[in-house]
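Chain lettering (A, B, C and D) follows the sequence in which the chains are written, and residue indices restart at 1 in each chain.
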Amino acid sequence: MILNDVVCPFCGCLCDDLELEVEGDRVVRVQNGCSLAEATFMNDTRLPAPIRRTTTGWEKISYDEAIKETADILKDADRPLLYGWSSTHGEAQSVGVHIAERIGAVIDNTSTVCHGPSILAIQEVGHPGCTLGQVKNRADVIIYWGCNPIEAHPRHMSRYTTFATGFFVPDAQRERTVIVVDTRRNDTANIADEFLQMEPGGDYAVLSALRAIVRGKESIIPKKVAGISKEQLIRVANICKNAKFGAIFFGLGLTMSRGKYKNVRNAIELTDELSRHTKFVISPMRGHGNVYGSNEVFTWMTGYPFAVDFARGIAFYNPGETTAVDILRRGECDAALIVASDPGANFPRVAAAHLAKIPTVLIDPHVNATTALSRIHIPCTAAGIDAAGTAYRMDGVPIRMKKVIERGYPDDAEILKKIYDRLNGEMGS
Amino acid sequence: MKCILNTGRTVPQGTAVEHKGSDAYRTVASACFLNPVDMMLLGIENGARIRITTLTGYVVLTARSAEGVTRGEIFVTIGPYANHIISSETHGTGMPDFKSEWVDVEPTGESVRSVGELMEEIGGLRYDPE
Amino acid sequence: MRVILESKVRKKPTLPIEAEAIIPRNFLKGTDLLVYEGNKERKLSELFWIFVEGTAVSPENIEVVLKGDTSRIKRVGEYMDTGSILISRDIGMHCGNFMSGGTIEILGNADAWLGREMRGGTILCRGNAGHYCATGYRGEKKGMQGGKVEVFGNTGDFCAEYLAGGEVHVHGSTGDFPGVEMRGGQLIIEGDVTRPCANMKDGTCVILGRVHEMIPTFEKIDRRVLPEWKITADVYKGDVANRGKGMLMIKNPGEV
Amino acid sequence: MTELLVKNACVIDPIRGINGDIMDIAIRDGRIVESVSDRAEVIDAQRCLTLPGGIDSHTHVCGTKVNFGRYMSPEDMRAGRTQRRGRMHVTSGYYVPTTFGNSYRYSAMGYTTLLEGAMAPLEARHTHEEFTATPHQDMMANTLFDGNWAVMDAVREKNVKKAAAIVGWTLNAVKGYGIKLTNPGGTEAWGWGEDLTSIREPVPHFEVTPAEIITTMIRANELLKLPHSVHLHCNNLGKPGNYQTTLDTFDLVPDLNPDRQTLYATHVQFHAYGGGTWRNICSKTEEITRSVNSKPQIVMDMGQIMFCRTMTMTADGPMEFNLHCLHHNKWSNHDVELETGSGIIPVTYSKKSAVNCIMWAIGLELALLTKSPWQCLLETDNPNGAPFVKYPEVIGLLMSKRYRDEECATLHADTEGRTSLWALEREMDWHDIAVMTRAGQAKALGIINQGKGHLGIGAEADIAIYPIRTDSVDPAREYRKVVEGFQKTSYTIKRGRVVSRDGEIIVDGANTTFWVNARIPEDLRVDNDPEFIRRFQEYYTVRMSNYPVQDLYLPRGRRVDTEAFT
């Protein structure tokens, strides 16, 4: 069977133009997708059934048993942590938030180690942005700052920017100027019209210098800023000011480097400054397929995009204090529920190690590094493969992921709902 | 040799990300890209094993030469190998220093461990699907 | 009156305690206060041995003394307006949030967000302070607006972020980005810093130690003798990346 | 079968011409009926003021832009926090509360139906997701067409039918309720960082003017037989001297519909400014209301501002940027491809600001100078002018000259000379307020025959019982009692169920979303038009097949069918 206009759930691009050939419970061909999409659909091996760690190894258990034990672990915890959420759909995320408020947990999503700093920056200065189609149809200047779309978002350039034909930019490759700022000359840099190679950690200084130049204060800028010549900075500032429509895309190069959210804030303030001269927008290159959706769902339900602490009954938010890595690092939490993510692989050692010290339950379709740190691993559907649901693209456009095959697993929203119902039953109102 | 550790996503890492037990994943996640000049200074060839040490601990990786990496920097894909040595300090922001950890790089004869072994080192227990 | 709270040994010593109830005024009516340990409400007496010495008719005469392991206790002194608190060892996060009067003295180290959004009163920290010492809350335009925070050791990163009023005096060094987004008040750092006063709009910062990685968008406008500190300082205006009207004075500039 | 009987209710039901009669209301299975059995549960209203459930015909509570307002405002989330309690979920926020916060607070004030003021079609799914998390109000979504490329092409071709067909297809696809135009043409110009300054200025590239967009859409709206009229946020919002644009716009509007207005002009306070700069801004409400008083085809709402800290959010991206340049606080902008824009900035309305005081006076003047309360509805463009929890204060001000005088005495000294509020003696009565907060909205939105806005037999049993005795309270003197009374109902009944009791929510909600399906003849349907499809696939970044909002996003959707083009 051929399926058209399928949504790839892998990265924040959420490309929705894939063509899939399906035979029974397998995807046998992926067209239009990048290699990440191909691997997502075709190389999808699962944990067959729920497992529980014993003193010596692992044993299979039933879903009912796994759900009951999970509810018991959460019910008794003094400071449970619910983490993950970015590779599943909004329906599961909603239930997750309800569980968190029910049991007084901290709930955090993977943006905490991804674009959490971007959120902190936006909370300080806002976010002048747009949907990706605005960029595709209008932008004549594209800046990739601290990101490498060729590796991390392989179709970003062909669908939305450099190589995409837009209404006002019919000859994209000729009409768009591409600027890349990075510490490494990566593959994306190789196709740039301007490449600014910067010393590691120099983002903030370079952004400040560009802002000052745009404000007409170039006289005080030193000859070199973080390894970039003043001439090149002035040239780039002029390209930006003379753009008809400029778009900055930034990645983890800004959010993870020294200064973290201050780098992002500075990039946003540069965008703001440029908006006084021409049209300029800025957007984070969100990673996981539905990480932005987890921010959206958390926000409308709790008021905060990530790192929400319900310990006091109300919602409290303070990244650095209520973020997953910090809570694990300080050894605060005494139980953890991990959904659709892999902190075992993605968290620094000390934080990951705490998961092995406490009862940790993992709900995820795949065996991953966190499996080894868990007490129970409950397999479920993978959103966008054998489960449908809502995801939010990196620019906030909500897209319905499709169910393309049936593999006989329960949906994670359904597992979570059962846990929630058990908790409600046992804890009363 | 003192270097700054940079991490990031790559296509091979992305395609293997849901198969963390696989050899393919071990190969991509444990690759450490260095500037060729730095490799020369360390006296190592492409494919040699290197030991990366921080205050948090150490990990053994496979050296790969890459022109695009500046001298004094090493690049490792986001994942359990890099995280084995990254500090969990977040400077009050929730975000660890995934791109600015100072590390010590030296050649070694030790072998590259599996993801499962890394997890067992921090208290986990490997699950091997039958 | 003196109230001595000595922390009891806990089964899970790493669980955070939230104890905004610990302010002098509250002890006028007794010690029957509630705090939170993780997500559970606890009586103060479940977590502390409580000793009360003497009596008081007004809160300004109440001194609260914290003893034992208090490093995980958050929000002590929040909204405090009078009286005094003495902490004999380390204290957890958010000590002295929104404080408007009285004195808090910490003999050990303070964790992050010491004196967050403070409006008045005095905080003395004899040891080191963590990140975000004397700052504000996420998204809020103004950080600390009044009072004084004095740290005798070092502070972490983002010290005095969004400082809008009052004085912050660090005898030691700070981490990265002290005085970032400053828009008023006075920041004095006797030790070394990196990237001071980035994006500052207003206020004054004096640095007596070495400056690493000076932000490139500060304009040197003067050299001046500061009699108060017995130094000659380079005077910068900035941050010109912003509408900077701030003043940054540096003795002995480092790598600029 | 569930039955409820509300006894001894002092009912004001303007649509049925009832004004303060003491009567019983019988309810069975969510609807109002002649009588119920003696097994019915009984509520004694004790002669308190009983109105049809409140209806907000222009509020921003759900969707991309609202949620971004929350996302960027952790400082606001510290206000108004409540714990999980009984049936109530945790809430946070004052001017941009969480969905549950909005829903509970509206419900406590007796509101049972809301029209989300602006939904970008491309992001409609988001709005509907939040609707399901706003459980205590029936919802409708105004759908944005101000910068819609296909519509502008049809306008340029002077093809009203095609414009109508595009609107019809879009409303069906995104489950929208009506046509919203926000700064028509201006949001497309903002795609290049520009704005339009008059309704005769052409949109870059598309070569159509706002006036042409507005008149075409008015005709398309009536061709489609939509229950609501075109819902317009005029050009030049918030600019001194903009009243002329507003008057010019009103002059464009024909009288095409006998059952309701032909144009709904929203938050007109922001569009009634004289002068040429912020220094000489003044009120032009006399001119605006003179126009409206002579044009029954126009209904407006107030857009009242109140003195507080709040958040402005609108599809009018260029206006928000101008405002940002004045305030230097945080600024968000979100342009939506081929459709519209949006902007968000926080503001504080202060009595120390002459401009803010004049704005405050203008809103009240609009209501007081408009002869028919059916033509000037009460709202604050929540949260732009103030969060909706301020409505009771607005009611108090409209009902009491004394309250206004007391407030006026505290305003900036320049206010009196540049407004006419001081001279206005009018004090609105309970009936006027009932019109301005529910009956007028029901008529304007075209939902009377959906059983909204009245308490006639067959109507939906959405009822608000306020702890106010109209026979003993003199609103002119005892305005505090009025304000308090409207802040918290004794009972809010939604579709026959008590959902809120003295401000406490006591059940999980189950709302309905109304949407319009205009049946369009096959030969006119744009989804059969290869050129429309080609342009869609080429210039949007989502596939046309993935654009429509699936029915499952509206678990209790209610489709309103119309026979278009007949």
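By our rule, a contact is a pair of C-beta atoms (placed from the backbone, for glycine too) under 8 Å apart; a residue touches a chain by one contact, two chains touch by 3 or more.
Because the structure is predicted, anything quoted here is derived from the model rather than measured.
Student: Looking at mean CA positions, which chain is nearest the middle of everything shown?
Tutor: Nearest to the common C-alpha centre lies chain A.
Student: Between chain A and chain D, tell me the centre distance in angstrom, where each centre is the average of that chain's C-alpha atoms.
Tutor: Between these chains, centre-to-centre, one finds 34 Å.
Student: Would you kindly tell me how far, in whole Å, the mean C-alpha position of chain D lies from that of chain B?
Tutor: Centres of chain B and chain D (C-alpha means) sit 55 Å apart.
Student: Measure off the straight-line distance from the CA centroid of chain A to the CA centroid of chain B, and report it in whole Å.
Tutor: The separation of the two C-alpha centroids amounts to 22 Å.
Student: Taking each chain's centre as its mean C-alpha position, how far apart are chain A and chain C in Å?
Tutor: 34
Student: Listing for chain D: what residues touch at least two other chains?
Tutor: Residues 72-74, 76, 330.
Student: What are the residues of chain B that contact at least two other chains?
Tutor: In chain B, the residues touching two or more other chains are 91-92.
Student: When you check chain C against every other chain, which residues touch at least two of them?
Tutor: Touching at least two other chains: 112-113, 131-132, 137-139, 176.
Student: Chains as vertices, touching pairs as edges: which of line, ring, star, complete or other describes this one?
Tutor: other
Student: Any idea which chain D residues touch chain A in the complex?
Tutor: 62, 64, 67-68, 70-74, 76-77, 81-84, 86-87, 89-90, 92-93, 97-101, 122-123, 125-126, 129-130, 133, 190-193, 205, 321, 324-325, 330-338, 344-345, 538-543, 545-546, 550
Student: Report the residues of chain B in contact with chain C in the complex, numbered from low to high.
Tutor: 91-92
Student: Over in the complex, which chain A residues touch chain D? Could you list them?
Tutor: Going by the criterion above, the answer is residues 4-5, 7, 16-17, 90, 94, 98, 101-102, 119, 122-134, 136-138, 159-160, 165-168, 244-245, 272, 275-276, 278-281, 295-296, 299-305, 310, 312-315, 317, 390, 392, 396-400, 429.
Student: For the complex, give me every residue of chain C touching chain A.
Tutor: The touching residues are 12, 14-16, 18, 36-40, 93, 112-113, 131-132, 137-139, 176-177, 180-181, 195, 198-199, 213, 215-219, 239-242.
Student: Sort out for me which residues of chain A touch chain C in the complex.
Tutor: These residues of chain A touch chain C: 77-80, 103-105, 120, 123-124, 204-205, 207-209, 211-212, 215, 217, 220-222, 225, 258-259, 262, 265-266, 269, 310-312, 317-321, 330-332, 334.
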